[in-house]
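Each of the two complexes below includes chain A, the first together with chain B, the second together with chain C.
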Partner chain A sequence: MILYDAHHLAPCYAVRLLAGCLGATLDLKPLDVYPGHANQTEAFLALNPLGTLPVLVDGPCLITDWLEALAHLALTHDRAWFPAEHAALIGWLGMARDLGASAGAARLIDTFGAPGDAAAARAQANALLDEVERRMWFGERIGQDWLIEGPHPSIADLACFVFIAPCEDGGLSLRDRPALRRWCDRVRFLPGFVSMSGVFPPMANTGR
Partner chain B sequence: MNGLQAGVWYAIAAEHDLPKDHVYRTMLGGHELAAWRSTDGGVHVWEDRCPHRGVRFSLGEVVGDELRCQYHAWRFGKTGACTFIPAQPDLKVPRTIHAAVWPVALSAGLVWSGIEPIGAPPALPPGAVLRAIPIARPAASVAHALVKEPLAGLALVLQPLDETATIVRGIALDDDLVRADHALLALRRRLEQAA
Partner chain C sequence: MLDPARAHETMLLGVPLVVTINADGTIAVQRVDHAALHQDERYGLVWVCLGTPTRGILPIPEADEPDRPIVVVGSVGVRASGPRVIENFLDLGHLGYVHARYLGDDPHTRVLPYTVEPLPEGGIIATQCKMFQPQASPAATEGFMVDYIYKVERPLATCLYKANPVQRDRFDIIFLIVQPVTEETSIAHPLLLCLPDGTTPAALRAFQQTIFMQDKPILENQVPKRLPLADGAELPIAADKSSVAYRRWLSAIGLTWGVIRADEKARAA
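Up next is the complex of A and B:
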């Protein structure tokens, strides 16, 4: 499997993170998006006319949507990550896309000088983070560790994590969102976890 | 003043905020705090600042009965004393290297701290510990609103974050956490919209 990848972009990170958790090997093709605009070259646009990253190529399958790429990896490697019997999977993947358009956008504006309205992005992100915090807190009360009911994390956890964990780079805060900080720890301690700039990996030699 | 009075216990966390192997982060009267639980169940509240280079302890990790700083992996024991410096493994760590330790008390399912707090934390009635709600208003304004319009069935205490924001914590006497959450979120909307 080939992943056209930009290290700092959260949707690319989500695919690398899921591959890590699944133990799947990706052949990474890194592209310099900021400031290189390598996603706007004719060669890349021939692959993905939208110019977005990541792009996943698995044999005859070419996937240009990051959530679809997560679904593809889960469906071909371990369906426990794709709890299709829960309607909430759709809701949480939508939440992840909304977090990308708000918390994710604020991070790109603040750290990479991407265009956009940072204040509006943060206002929307704060409302969403409050709501995820509320649901996570009530989930914990009934023993749920993950966004979707059941003992196993799903692609929705990772899809939301990649925007929530580094959100402080976008001028947001997890300080008064303790349930989100605990959930971030649970994701960080998943076997196969990989990190990205702005996301701290678990430290080595913890004896876990 | 940041709304923080010496001699007073403030609730800064719920006990359920401190599972093992987790570093909790909060602020009290402008002081950034980190709290964690050792294997004996004890809770430790420190200034959220590593004495080495000032990196936040809350970015670090609990390893057994020690907290390990994320940056250079110095370790600190329950007393706050630095126990190990990886770059100098043979060094007997000088006693002066110490986290700034805050007082701690546990009661009513809450974790309490403060500046030279006197006596025991305030007694709260039995019930279920609420989800803490931050409100972007000073503690005095929140306190005033709660006196004017008390929220029925809730025993509440305030944690001043800084001069502009406050966390409301407390107990639902009837254990109805959902109802309590609605009431506190409504309070938050009311106060923040009025501001």
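Up next is the complex of A and C:
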């Protein structure tokens, strides 16, 4: 499987993270998106006319949507990550996309000078983070570790994690969101976890 | 890295600026209030002075060496004062933790004694710095003890010299130029002047961005946001010798931007 990748983009990180958890090997093709705009070259636009990353190529299958790429990896490697029997999976994947358009956008604007309204993105992100915190907090009270009920994390956890864990880069904070901090730690201690710059891996001398 | 399709809004010392690329490829910087400014381009960066320049842009003699390409890494915004960003660049102690598996590693975290001296033209130089680095550069295939020299020649411009693994009598040089946006926010502009070792500019950029994005959350959590210059305002250890020298030099030249002056009562951030 080939992944056209940019090290600093959260949706690319989500695919690398899931592959790590699944033990799947990706052939990474890094693109100089920032500052090189390599995603706007003719060659790349021929692959993905939208110019977005990541792009996952698995045999004849070419996937240009990052959530679809997560679903594809889970369905072809370990369906425990894709709890299709829960309608909430759809809701949480939508939440992940909304987090990308808010917390993710604030991070890109503040850190990499992307165009957009950082204050508006942060306001929207704060509303979403409060809601995820609220649901996680009550979930923990009834013994749930993950966003979707059941003992196993899902692609929704990872899809939300990649925006929530590095949210400080965009001027947001988890300081008053303890359930989200605990949930981030649970993700960080998953077997096969890989980090992204700005998302710290568990230290060697810490454990659960 | 400027996008020709749009105007870029930025800020220098609290003054809003608009940066655009003209049709002929030249870059124009304007103050939003249309007051005059001085603008120049060098080393792949645009340099702006809001007042009257009293000296030229920082000279980098190595930039003229024909076999040494300049790679602009890509600017990174950080919610920390400019002097905090420079101080972090000088810090050997964090390499084994923040950049674990790249520029240092647990348990090789000890900072060996090094020397710090003033530069004749102002600024400081730290020599005989050594650190075990598992992945010193994208081309490194194994960990080794890396020799460093750090130099700060201007308050918000610093560089390090790292022995080139192939041409041992020459150095790879990494510059960090910090744009002071407000007193508590900055944009870091790293520059690489490395001898070619087969690594593509894209790979060099990705490596340095990875390193800097690891520093960002650390810097953004430092309190107070402005760098305190009073002796004893923070608790330095022997490994922080270059930081102490940097702070004293900033005090001596009377820098006021992004710092808590020694004579100013320390305020909470």
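One rule holds for everything that comes next: the second predicted complex is superposed on the first by the 204 of 208 C-alpha atoms of A that agree within 3 Å, B and C clash if a C-alpha of one lies under 4 Å from a C-alpha of the other, contacts with A are read in each partner's own complex, and residues count from 1 in each chain.
As a working rule, a residue touches a chain if its C-beta (ideal position, glycine included) is under 8 Å from a C-beta of that chain, and two chains touch if they have at least 3 such contacts.
Source: prediction; values computed, not measured.
*Asks:* With both complexes superposed on chain A, which partner does A:137 reach: first (chain B), second (chain C), both or neither?
*Replies:* Touch status of A:137: first partner only.
*Asks:* On chain A, which partner touches more residues: chain B or chain C?
*Replies:* Between chain B and chain C, C touches the greater number of residues in chain A.
*Asks:* Which partner does A:176 contact after superposing on A: first (chain B), second (chain C), both, neither?
*Replies:* first
*Asks:* Touching A:198 in the superposition: chain B (first), chain C (second), both, neither?
*Replies:* second
*Asks:* Need the overlap of the two footprints on chain A, from chain B and from chain C, as residue ranges.
*Replies:* Dual-contact residues (chain A): 200, 203.
*Asks:* Considering the complex alone, what residue numbers of chain A touch chain B?
*Replies:* These residues of chain A touch chain B: 134, 137-138, 140-141, 174-176, 178, 181-182, 185, 200, 202-203, 206-207.
*Asks:* Going by the contact rule set out above, which residues of chain C touch chain A in the complex?
*Replies:* Within the complex, chain C contacts chain A at residues 1, 3, 6, 8, 10, 72-79, 106, 187, 201-203, 205-206, 209-214, 216-217, 220-221.
*Asks:* Provide the residue numbers of chain B that touch chain A in the complex, in ascending order.
*Replies:* 13, 16-17, 19, 21-22, 24-27, 59, 61, 63-64, 68, 70, 73, 131-132, 134, 161, 167, 177-178, 181
*Asks:* List the residues on chain A that touch chain C in their complex, please.
*Replies:* 7-8, 30-32, 34-38, 110-113, 115, 166, 168-169, 171, 196-198, 200, 203-205
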